[in-house]
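Both complexes shown next keep chain A, but they swap its partner, so chain B is in the first and chain C is in the second.
Here is the complex of A and B:
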């Protein structure tokens, strides 16, 4: 059943989690938890943007919806945290589903701007309904999910790995094939009889529901949230992470999310220049490495392979087509 | 009271039209969503602040300098950022790389402004003062000035697009790039001009609205939201639709802030945008086109 490769992967994962449990520096632990949160988010973002080709510029709003609904449900209403997180996931998925329905008829960038407008509406509404969400001041005193930080770390890592596995399985199934063909050519997808609308709705609900789940986890981890988490800044940050790792790949966004979070922490000594460097990074990536880190890795791999072939001697003349 | 709101909204709405036309111009011709558009507004507002309040240059000169300056800024950013990426399209023939690049430009410009000018709000004095009554309606000279300048600029742009040779080239490229190229139009030049023109338009808007919004590094969010709303209501890339949609948005906002609250007026505007798009996915421009063709059919 289990072949060598999956066994090796499993061992790596178990070792990683095992090592992680022994980290007892609070700051390092916080950085890793945040990195896990963002890499999960960018994997979910990649699900619509990278695999199906739906522009979603209001992604952070779904993150915010999940965070706020779980916080309110658990702290004000008094539902157990696990159930409130599940409900938050379903609520964000529902929002994504409903928002996607009018977007199905639009083409090009229009859905992107509609989601952007939706995100702004959500942010303004959260600020405006101050008696429920405490408005601009932020919502604090949220019930925690676990007692110790160690458990948060393990949960965040398991969440990230589970999401990666889930997306891997999804993309290898028939649904994944349908996603690919919809991205490449909608007309062709329609003509071979795949139901584009259903698949797009599915992708959007999955992605938004996932954002809601991560948002709920974020809320119960930090125990304070502000309306700013629904803003464009977060969407841009998540988009950059997906791009940095490589859009349209499975592992890419996770690597991007992890490395950019760690990088921003490492760049803390730059203070005010951090945002500037972030912007320059986006432009440089898109100009010179449009496929992100995964694209760079691919290129290096190809280069090595062709080098090996050259050294082999017999196939020197075959490689002219590059 | 309602009439007062409507008049106020109409007067501000013309400025929104101008912001929307600039945004639509880029989308219609270069086929690019420019997320750094609001940041060009911010630069123009800073330039106007320093020119008018610090150096004391007369207002008409400020407008002229800002127009030329921002045309150059737009041209340069098109050359540096958009041109290298323009030929890299995805499966649907869209420039997804370019929008990400404009995202990057937005972050860069915003953080540069934050580094240079810090987060303080800088305001300027009104360009004119006083007000007068027409019946029951109070009209302030400042708003009238804004309206008149915007209408003049919009008319100039329309005339430029319609009668000048360059405008003709712009329209040709927006209709069919390949055909325009075949008939000897320098498409690269046209893209640069379109980008410059659009940033120059937003520069005029930035100068006009400086006393209204003040200026700070993240002020670009406001015109960006207006540009999105106006172009979506009017139809992406449709200049006539954008001109029509500006006053509609202005009136909606004025009514919303009058009767609901000023805090939620943007939410109301965005909700209206989504409603319009659900009804007419192509916006008002497409609706007008449909009405026109049907009208022609009836006449025949």
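Here is the complex of A and C:
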């Protein structure tokens, strides 16, 4: 079953991971791990925003729920880290599922407002329940998942690639088609017999559960988290990554996640003014490149192909006429 | 045998009465036409049958089962396919995937080979060779065919066609009428809304006329074309007097 293309992809992946293991510089390693984390997050974000067309502007809250759940379960309760991460994933997915239920009755951008409010509520709840979360001060001393940073790096890369493959397979399956048709036309989707409510719930649970898993990984990697990770800033950052790479594509959000994490690191000296750049970026992308980097790549490819056709002479043109 | 039974169906939007106690039967294997001036409630009735609107009053029975007020996707699962007045294919998907969307949600064709089923349908509606094209880029006539194909691939018992000939030129509408006949030959019952009178007169064995949400006439094409109330509702009472005089 393995054809040339998948074999080539596999080789590229193995080489990438191999090279990554030899990165000894702690800073570079940290940037790559962060980039993997945000790439994975933006792929999960794209699952609802890009494929199904659900506006979730409280996405970072699910990331935060995952991070805090796993931190508390492993450090305070004493559950092994692997299990606490799985539980954190399920808890986030459950929150996503429950939040989606009222959103099913809404149209257009209204779910966006509901999820935005939900995100703020979660952030404030985490600050308020200081007994459990240590409030504004942040939760530290979280049990680590691995001993060495090298293993974190490999795990982060494998996680990112696995999520990409998983989403690729999902979108090629019947479930993926069900997602696509909801985005295209809800009324028509219902008329062919698709239970669009069930598929929206599924998409939201998957996306939020994924955010929870990445959040849990993030918590055990950094070993310290603050309520800020639930805030709008993070959601905007993730949204921006998905848009930049190409919303509604599979690889796009991952590329966006990588490139913008690096950009964020480079612009660290600007502090909060970085948000200004994100704002400008979102406006420019939506206005001029609605499909992000992937869209630009597609256009360039089409241009090259049409040039090749022109050089190929009239034979090709005859085919086009047919 | 009666396939679809509409029983005193009413639909109110706030104070506006869109449908007022409409009742009629659609017999198995027939082609029934639904006509009426603009705003008479034809599309509203379609939306009630396919579950997009909840009924204010009355019942709808399909193959002996009450389907009124059921969710859209369940009604579709019982075997009612439909097309829309404003064509709604999945614009960003290929022709193949459009038809596939109709296939995967149908209970009836689950055991059959997916590829064969889809390709047969594409062939049947006359879109052979266009499988890979994006639906949004097709001309109107083909988008209409695609929509019919999407509804047909799940092998419905009843097909609701909302103005299939609207916006098509004479040749295209003749072809699509030919398609409607072929669909009916497969044993599928058809209920169609249509504005183009020659088509409805030629194709349908029974016609139901709506005006202002009420059923004003029901019968064979000949009876309908001579019905005074139908002519009145289409041309206005004044012009009928002129005609008579």
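Here is the rule we go by: the second predicted complex is superposed on the first by the 306 of 322 C-alpha atoms of A that agree within 3 Å, B and C clash if a C-alpha of one lies under 4 Å from a C-alpha of the other, contacts with A are read in each partner's own complex, and residues count from 1 in each chain.
Operating definition for what follows: a residue touches a chain if its C-beta (ideal position, glycine included) is under 8 Å from a C-beta of that chain, and two chains touch if they have at least 3 such contacts.
What you see is a predicted model; the values in this text were computed from it and never measured.
Upon superposition of the two complexes on chain A, no clash is found between chain B and chain C, which fit side by side. Once the two complexes are overlaid on the shared chain, A:196 sits against chain C while remaining clear of chain B. Once chain A of one complex is fitted onto chain A of the other, the partner contacts of A:174 are limited to chain C, with no touch recorded for chain B. Touch criterion not met for A:166: it reaches neither chain B nor chain C.
Of the two partner chains, neither chain B nor chain C is touched by A:80. Contacts of A:138 after superposition: neither chain B nor chain C is touched. Of the two partner chains placed by the overlay, chain B and chain C both lie in contact with A:185. By the document's definition of touching, of the two partners only chain B reaches A:276; chain C does not. For chain A, the partner with contacts to more residues, out of chain B and chain C, is B.
Figure legend note: chain B and chain C, brought together by superposition on chain A, show a least Cα distance of 6 Å.
Shared interface residues of chain A, touching chain B in one complex and chain C in the other, are 183-185. Chain A meets chain B in the complex at residues 53, 55, 102, 105-110, 112-114, 116-118, 120-121, 124-125, 127-128, 183-185, 232, 236, 239-240, 243, 272-273, 275-276, 278-283, 286-287, 290.
Interface residues of chain A, counted against chain C in their complex, comprise 174, 177-178, 180-181, 183-185, 187-196. Interface residues of chain B, counted against chain A in their complex, comprise 33, 81, 84-85, 88, 90-92, 94, 96-97, 99-101, 103-112, 114-115, 221, 225, 228-229, 232, 236, 261, 263-264, 266-267, 270-271, 273-274, 277-278, 281. Taken in their complex, chain C has these residues touching chain A: 50-52, 71-73, 76-77, 81-82, 84, 88-93, 97, 100-102, 104-106, 150-151, 154.
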